[in-house]
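Quick heads-up: structures coming right below.
Consider the two complexes below, in which subunit A is the common component and subunit B and subunit C are the respective partners.
Presenting the complex of A and B:
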């Protein structure tokens, strides 16, 4: 009797040995930092990182009173929606293209990986250089084409104004997000069995109809994962904006991650509060996204 | 998942780990110190910032300091100086970690000293510097090393600002003399514009150095970050006037386009490439311009509203000694060696940094291009960096003062003033 219960207990504990390391890893790398982050947001912390005691909700009050806070949060939202929607739409088209048979397909697929293989920071800096008012390649081409009067002026400086800088930032973000998304969708396309297409053909469905009624629904698991990862990635994207505009002029191209980093230079507690808000935003965005994409409903088979 | 956030949080974790290991770290630190003095020789541990181009560069800080310390040890065989050179981006963080660990260096050379004073970690200057050397330091500079009347920070090197102008472009535009007043500056800029110079005046108000550029214009109108009685006065009528003048320049197309997003580095590169008529710069920009191939440039005092400035923006770096290891006598020897010997001048020559001593200025006074800086140096004006609010003000100025060119100057400056005076 005694022996039996012991063996049952040890059997119950066996899985722990296997999942233990993973649990510890998650606890140390994910949960503990989140706890510290939330804790920091309620503390008064000196410039040298020394905790000077509790600060109640003061960090949050100060953060919400920042005149630029509202604009920054609104911009972050627009930024995520714009980049993710454009990325997904373009990737769907690209995946479809790369799923066809055509000469040099292998080369084309390799070329698609390039923006992914290059460091994001590097890509952003290269684009900044290409848009340099005096010596930027893009501007030089525009001048040669007669679309721009001269180098060096305000017209040749798209990153100098929020209205022209934002589209360029979105462009670069889409550029670096395309490879991953396209490959995720390509993998999704590969899982769709060819007999469903044959059946549709037999029924006389037209191409657009086939895409809408067969490809898209069957692609949904891949699409959901790809888009969700993009939402989180883009929301937390830092290097593109930091390297290209530094959030300037003023805070007019800053998103919440940029704002958090700038705050870190002046008030670590307030920056931690911003992190918590950021964290909350990601969770809310993810929840909304999963709700909208009906994560839980079974895909028709 | 959330990389930035995990980063911020790991910082917190690291800090926590560091704090818990404080006790043991401190003891082992003292232990090794005792061993050093027991053997007859004392090893001073020094941490210094790198003024050169990194560890592999010809002018690396490590090489510079090795030369200095070898010479010092030759003269003082029982004192060794072990120098750890750290780049500017990391030095503050690494020193903070050392301090939190209780592993105090004996000597620290960096951009600020004031943070350590409050914690009682520093030797007073009287304990570690001979009266002769103290008397040689420029009084205005030394004054900023004081906290509540007692000096802790020793000025190490300095830098100042002047007006750089491209002589080729000036003669092409038919301008005989560098401008002395704002009106002359605007007239010169208009002539340069007519001579097809894309950026008559290089105006970097982006995040790199907006606080310095703005300060020079504030001073031109008789303003500054603080008023005569030491209160923040960022939105003073003088400062607003300065930015209205700049707005006029900008709107007439006489400046760098979108100044609020342009960094000093970019403007200096354009100046070196011969595309900018005039720009504010410092001694450290001289080698950069020459390297870019521009040699025919002049340096003049900063133009003000009605006359050239008597002062300039002075920036100084500091050297200080921690009091935890009890080696004041050895440190004193090293400091006196540094300031009275050739080392201080060598650093000026190597890095085009300006001296902080009267004797140092005399030694350099024959250099034509350094003259405007040296003349203004004894009367330099500094950032109000001893004010605890300065870090916040500085960050906000860097980020948003460019908006005073495109938007309403009073409003933008008012916002920064609010940050300075807020709780």
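Presenting the complex of A and C:
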């Protein structure tokens, strides 16, 4: 009896000992600051960070009344959908290409992984440099090709115009997300046994059909994980937009994280409210995504 | 048929060339003489490679020290993260306990936090922790290790779960019948089997710690000796005129070790990601 209760006790304690370090670290260093962030979204805070008492929902009302708020939220949604969809579609194609044998394959794979190794901030800075109106490589090529009249000036400043700045930001975000996504999908492809394909070949199935009804469904777990990680990373991405446009011109490229950072300079409480809204939106997006992808499982069955 | 394949291969090689281009441009610019960088007639090659930018980067501002600091922080994060995540992954896959779901949801939510939003609370947290444990306070490398470790854990645990789940439990039961203790089973049997997964998680934790800019700027305020690499790059950003040669040489020095590491583990990485995405 005594021994039994002791063993039950140790049974209950063992997982705690193993998971304890992780739980404590995450609770103290990640969750606690989130709690503080939520707390300060309900406080009146001076520009120098001094808490001046409670503020009810005033920070939120102020935030929702910002003329740019609606645009910022809408843009964040477009940003995450555009970047993730383009990344996934391109990565599916790249993974398929890189799964074949071809000369130079080894070197090509190294090249493909390179943007992952480089810092996202540095990559964004390099792209900004290449798009510089005076000294940018892209403009010089355009001038050489006769597509651009002269260097300098508004025409040569793709990041200075709302209509071209956002597409370039999406391009860079897709660019830095491709290596991981492609590698995750390559990993998914590697888990598909080759006899599945042989059977399909015997049945005389066409290539596109094989891909659609065999490869893609088997790739689904890898696809779900890769897309989910991208949704979270892209939504919270800060360095790309900050380094390239600071959310300008006129907030036209500001997503919620950028807006939050800009607000931090004027009103810390309102900035915290923006963080909370931002955080809520990621959770909702993730939940929707998980729901949709599970719904797909049911359909596939 | 062969023609379609030929086209596919050309597309693949072109795509690889495009993805590599910015890195190529970075390395090239690091070797270009200043006059060529400023020239309005850019060429994607140079006939007069120079080491002047590298000399400037390596000569000034404690670059070697910063490099070692970055390396130390990143390696500490990789090792600790692998260890803690492995234990936690075993706990959530091998045990049923109360609050298990809560803990899993907490891990998932922790993965979604935008770090830029937390710099102020984290600053105060690190300051207060430093009063209790001096090794992880402001201006210490320990603070960077601690914070990166915590932020790397959710993803690492999530990845490791798949690997631990893939190991048949019968294997551990057999060892237990043979009289092996829990720790022995853990280290002798389970650990080697999930090692490929650790490669993938290590890649992630290494790269975020190595390239980190925001935490280093938040916690290391006055201790010059405890700066990390990205801060060393900052001296080349001047509002009036950017020192592109210096920036590119610095970031080349920062990127090459990671690139070498990536290429070295590349094959394992595919296996490593595979286990995590297999359901």
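By our rule, the second predicted complex is superposed on the first by the 287 of 301 C-alpha atoms of A that agree within 3 Å, B and C clash if a C-alpha of one lies under 4 Å from a C-alpha of the other, contacts with A are read in each partner's own complex, and residues count from 1 in each chain.
What we mean here is this: a residue touches a chain if its C-beta (ideal position, glycine included) is under 8 Å from a C-beta of that chain, and two chains touch if they have at least 3 such contacts.
The shown structure was predicted, so the numbers you read here are calculated from the model rather than taken from an experiment.
Colleague: Name the contact category of A:56: first (subunit B only), second (subunit C only), both, or neither.
Modeller: neither
Colleague: Now for A:262: first (subunit B), second (subunit C), both, or neither, which partner does it touch?
Modeller: first
Colleague: Could you look at A:70 and tell me whether it touches subunit B, subunit C, both or neither (first, second, both, neither)?
Modeller: In the superposed model, A:70 contacts neither subunit B nor subunit C.
Colleague: Is A:19 touching the first partner subunit B, the second partner subunit C, both, or neither of them?
Modeller: In the superposed model, A:19 contacts subunit C only, not subunit B.
Colleague: When the two structures are overlaid on chain A, which partner does A:161 contact: first (subunit B), second (subunit C), both, or neither?
Modeller: first
Colleague: After superposition on the shared chain, which partner residues are touched by A:245: those of subunit B (first), subunit C (second), both, or neither?
Modeller: In the superposition, A:245 contacts subunit B only.
Colleague: Quick check for you: in the superposed arrangement, does A:178 touch first (subunit B), second (subunit C), both or neither?
Modeller: After superposition on chain A, A:178 lies in contact with subunit C alone.
Colleague: Using the superposition on chain A described above, determine whether A:34 touches subunit B (first), subunit C (second), both, or neither.
Modeller: Both partners, subunit B and subunit C.
Colleague: Counting residues of subunit A touched by each partner, does subunit B or subunit C come out ahead?
Modeller: After superposing on chain A, more of subunit A is contacted by C.
Colleague: After lining up the shared chain so the two structures overlap, which partner does A:279 touch, if you call subunit B first and subunit C second: first, second, both or neither?
Modeller: Touch status of A:279: both partners.
Colleague: What is the shared patch of subunit A, the residues that subunit B and subunit C both contact?
Modeller: On subunit A, the residues that contact subunit B in one structure and subunit C in the other are 29-30, 32-34, 36-37, 40, 49, 151, 232, 236, 238, 257, 260-261, 264, 271-272, 275, 278-279, 282.
Colleague: Note which residues of subunit B are touching subunit A in the complex, please.
Modeller: 1-6, 8-13, 15-16, 96, 99-100, 115, 198-199, 206-207, 253, 257-258, 260-262, 266, 270, 273, 275, 391-392, 395-396, 399-400, 402-403, 406, 415
Colleague: Which residues of subunit A touch subunit C in their complex?
Modeller: So the residues of subunit A touching subunit C come out as 12, 14-16, 18-19, 21-23, 25-34, 36-37, 40, 49, 94, 97-98, 100, 102-105, 107-123, 125-127, 129-130, 135, 137, 140, 151, 175, 178-179, 183-184, 186-188, 190-191, 221-222, 225-226, 229, 232, 236, 238-239, 257, 260-261, 264, 268, 271-272, 275, 278-279, 282-283, 286.
Colleague: Could you please specify the touching residues of subunit C with respect to subunit A in the complex?
Modeller: Result: residues 5, 8-9, 11-13, 15-17, 19-20, 22-23, 25-26, 38, 40-42, 84-85, 87-88, 90-92, 95, 97, 103, 106-118, 120-122, 124-125, 146-147, 149-151, 153-155, 157, 182, 207, 210-211, 213, 230, 242, 244, 247-248, 251, 254-255, 258-259, 261-263, 266, 269-274, 276-279 of subunit C touch subunit A.
Colleague: In the complex, go through subunit A and note every residue touching subunit B.
Modeller: So the residues of subunit A touching subunit B come out as 29-30, 32-34, 36-37, 39-40, 47-51, 67, 132-134, 150-154, 156-157, 159-161, 165, 232, 236, 238, 245-251, 257, 260-262, 264-267, 271-272, 275, 278-279, 282.
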